[in-house]
Amino acid sequence: MLKDREMEQKLRNEARTLLEQGKVDWIIGFEAGSLKFSTTPLITKDKNDTERLVINPFIVNNLADFLTGIKGRVGIVVKGCDSRSVVSLIQDNKVVREDVVILGVPCTGLIDLGKVEKLTGKYRDELDDITRQGNKVTIRVNGQKKEFPATDVLFDHCLACELPTPKEYDLLLGEPSPPIANPLAQEKIEKLKQMTPEQRWGVWEKELSRCIRCYACRNVCPACFCQRCFVEETEPQWVFPAPRWQDNLMFQIIRNIHVAGRCTDCGECERACPVNIPLRSLTREMYDIVDELFQFKAGMDKDAPPLLTHYEEEEAEGIFR
Amino acid sequence: MANKKINKKDIAKLLNKWSQEFAVFVPSRESGVAEMAKWDGKDVSFLDWYRNTIVPPKANFLPQMEEMFRFQKDKEGYKIELPPDGAKQLIFGIRPCDARAMAIIDANFKELYQDPYYLSRRNSAVLVGLGCMNPSESCFCTSMGVSPAESKDVDLMLTDIGDEFLIEEVSDKGRKLMAKTTGLKGATKNDEAKAKEAKKTAYDKVTRKLDTEGIADKLLASFDDQDFWEKVAAKCISCGICTLLCPTCYCFDINDELVRQQGTRFRNWDSCGFPVYTKMPMENPRAEKWRRVRQKVCHKFEFYPMNFDVIACTGCGRCIRLCPVNWDITQVLESVPAKARVGK
Amino acid sequence: MTATDTKHQRFFAQNNVYLPHIAVIEKIIEETPGVRTFHFNFKDKKLQKEFSFESGQFGEYSVFGIGEAPFCISSSPTRRDHIEFTAQRVGRVTNALHRLGVGAEIGFRGPYGNSFPLDFLKGKNLVFVGGGIGLAPLRSLIWNVIDNRKKYKNIDIVYGARTPADLCFKYDLDAWGKDKSIKFVTTVDRGDESWKGKVGVVPKILEEIAPSAKNAVAIVCGPPIMIRFTFPVLTKLGFTPEQMLTTLEKRMKCGIGKCGRCNIGNIYVCRDGPVFSYAQIKNFVSSEY
């Protein structure tokens, strides 16, 4: 946690300086939220607000989501996964590299409060505090300390993370951290892959029956930046507007295809879902399929062309006959 | 009429008795998501973990997706058919915040034109309230005129007094139900005292506060303050979570479906947060995010009170708990300028 | 708010306010390439006889299986052998409507909304200002007034569209042009070779004609931009905000004030409108109109 405090101070100074010197119009980072352990995006033009910037194991949001909706130059705080989203937006020509100052946070994984609640059997506001020391996480409840391996409480997508430290940045706020790449992350997806198609269909019927079509999964995603989403079209009506599970599934399938090659597995869609639908089981599998078919991972190289909207003449070999 | 009580171990028996007359709904949890679901006849484990549901009980009266009518075309033309009446519902374990919310939105569905679907469900349902002994940090019900463990908006009110629940009759419907429910012990003076104590403890546990004094006037004065509303809306991502899962939100959409010559008209939840909500062919008055956020806040704390004399919020805290960016209505309302900064 | 409006209760199908009555299309007029007027009657002959409405009110029209959309009733309550509405092809429901032929069955719910205040208009000089398809709600009132001519004083009509091809209700325009008790002017933003009438946007032509504001009421209907430029012209001519009426348009679904969509502040266009005076609009708590 000490590293977090040092990074925080460095970040606050840099953010203030960037605004003071007029190098950016906005700073987008994290500040303390209004609930225990929560953080919330800080989007500001005021240099005095930079005092509130924080770095801790709960900075969950993918702030690249705000880049396509903001005008002006932005100093943005990103972890590894988010930085890849920024690069992906640059590849898509939605963001100009010179318009962003990337403030990179080397990430050691974020703590999933859902997992904490399940492990402790307590609601998050009933916990005293949660601290991380390397491979261990200590949770204090009613004065009693309990220790857990960090892999028990980190998000699945953090366990799967291949790039916790941003590759593309203007300032790296701390020492790079190594990938975790823990096989536990793929457990859910592996289980699904073992099932028959009928069984998998049954799983998704059960999970997507809870969907309320809030579109939080779509709106937290930086890759979803369309002004008018296909799901809002009425002529033709691609997907029925009411939350019938088959239509909810159609929405997910089409959305996944639309973000294929641009999704960085930041896990925000699954975290944002208010009814705990395991959306990452769809998005990560698409991510793996893209890697398998095209040897491409989103947001790794800002000069690389975007995968599915670009093709070289040689690629046509054998496709057109 | 003296109050009755019931041992927590006998709740299943009680629910079984009521199941003979009603479709009984209890808090259930699947994949970690608490919702009111049809009781399976056995499981009362919710007594251990229940705080509040994620999907509010408004779903029992204004379903997420509801069939309005079916139509069929034959050689004589279109014939319209209403769906069959649903079973009478008994919602067991509804919290005072959610029960108050139902009372608040009743006004919308009764006023001028009666909404037959909502009202038939509402009128035939029995609400058995359960006092909230462990409010969440996001709850602010006490600031919205709601007590976590006391309610005039339910038919029966249960209060946790240790191994037992005290049962209070609140409405005529509740009294009628209790008259039919035999085999319950009478509550002692000691029980009543314990209940009173439990209610006060629950009330004091709600620490989040919101001052709504003069909020409608403040919002009226700040309506055109684009600067303020843009700051307020900056981190909102325009999803529908805060509205769809709010117990006092009731906006709906109507859509038809056709399969060959027959089809159905549905209604389903909708949200003023969505960009297409007010979209017309030539213009969209709320294309910008800050206008939609302003609409939501002002509807709940200014417009609805203007029409129905009650703020459309009961402090259940769901919007704060479930928002993906931790946008907080209490923080926003506290930051509304006390006096207008721009002219109208 | 008012108690349940019993005036309309008897028009509810099976006491369910969402159930449409079945209506049959009897005639279709293509006003312009994208605008059609539909003449219909109820299948239930008893309802056909009993049904009544007032100028300014609207109905919710269903194309079963596609959806429902609100359109004002564009025929006059004084001419009841059939009912008319006019729809421009802009989306899902209107596209489906335009694919229907004579004899097709549609649904109708209504009449909803408030109406033009005839008592307020009685004995006054009326200035109708219309643009494009905005003539549809005005038309109901204009024929209503003409059919009760003695109740009203002077009638001025200024109507315009973008081009001559966009003029709607050309058969009415002919009739009103021939009516000696009406001062009628048509204009287009852009003329063509055969156009002999005025050229200029409606607010500008209105300013040229300069009708007197004395004992007068102006009723304005058209695209939002036309209305926004017409109100200042009327103000310049001496009309007070109470002397200016209009119909507001907002995306609607249920038409009866339940679904929440059409609100402007605390008023619902479907329930408290669509007819409003400029004075009322200025007092809205929301400047969103």
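Worth a mention:
Chains here go by letter, A, B and C, matching the order in which they are written, and residues are numbered from 1 within each.
The definition used in the following text is that a residue touches a chain if its C-beta (ideal position, glycine included) is under 8 Å from a C-beta of that chain, and two chains touch if they have at least 3 such contacts.
Remember, it's a predicted structure, so these values are computed and weren't measured experimentally.
Two chain pairs, B-C and A-C, are compared here, and B-C has more C-beta pairs in contact (counted per touch definition above). Using mean Cα coordinates as chain centres, the one most removed from chain A is C. Inter-chain centre distance (chain A to chain B, centres taken as mean C-alpha positions): 31 Å. Taking each chain's centre as the average of its CA atoms, chain B and chain C sit 38 Å apart. Rounded to whole angstrom, the centroid-to-centroid distance between chain A and chain C, based on C-alpha atoms, equals 50 Å. Looking at chain C, residues 91 sit in touch with two or more other chains. Multi-chain contact residues, meaning those touching two or more other chains, occur in chain B at positions 253, 255, 257.
Remark: chain C residues 91-92, 95 touch chain A in the complex.
Note for the complex: chain C touches chain B at residues 1-5, 13-20, 22, 24, 43, 62-68, 88, 90-91, 105, 107, 223-224, 249-251, 253-254, 256-261, 263, 265-266, 271, 285-288. Residues 30-33, 35, 51, 54-55, 64-65, 134, 136-138, 234-235, 237-241, 244-245, 253, 255, 257, 266, 268-269, 271, 274-276, 289, 320-322, 324-328, 330-331 of chain B touch chain A in their complex. In the complex of the two chains, the chain A residues touching chain B come out as 33-36, 38-43, 61, 65-66, 69, 114, 118, 123, 125, 207, 210, 212-216, 218-220, 228, 232, 240-244, 268, 271-272, 274-277. Put simply, chain A touches chain C in their complex at residues 234-235, 237.
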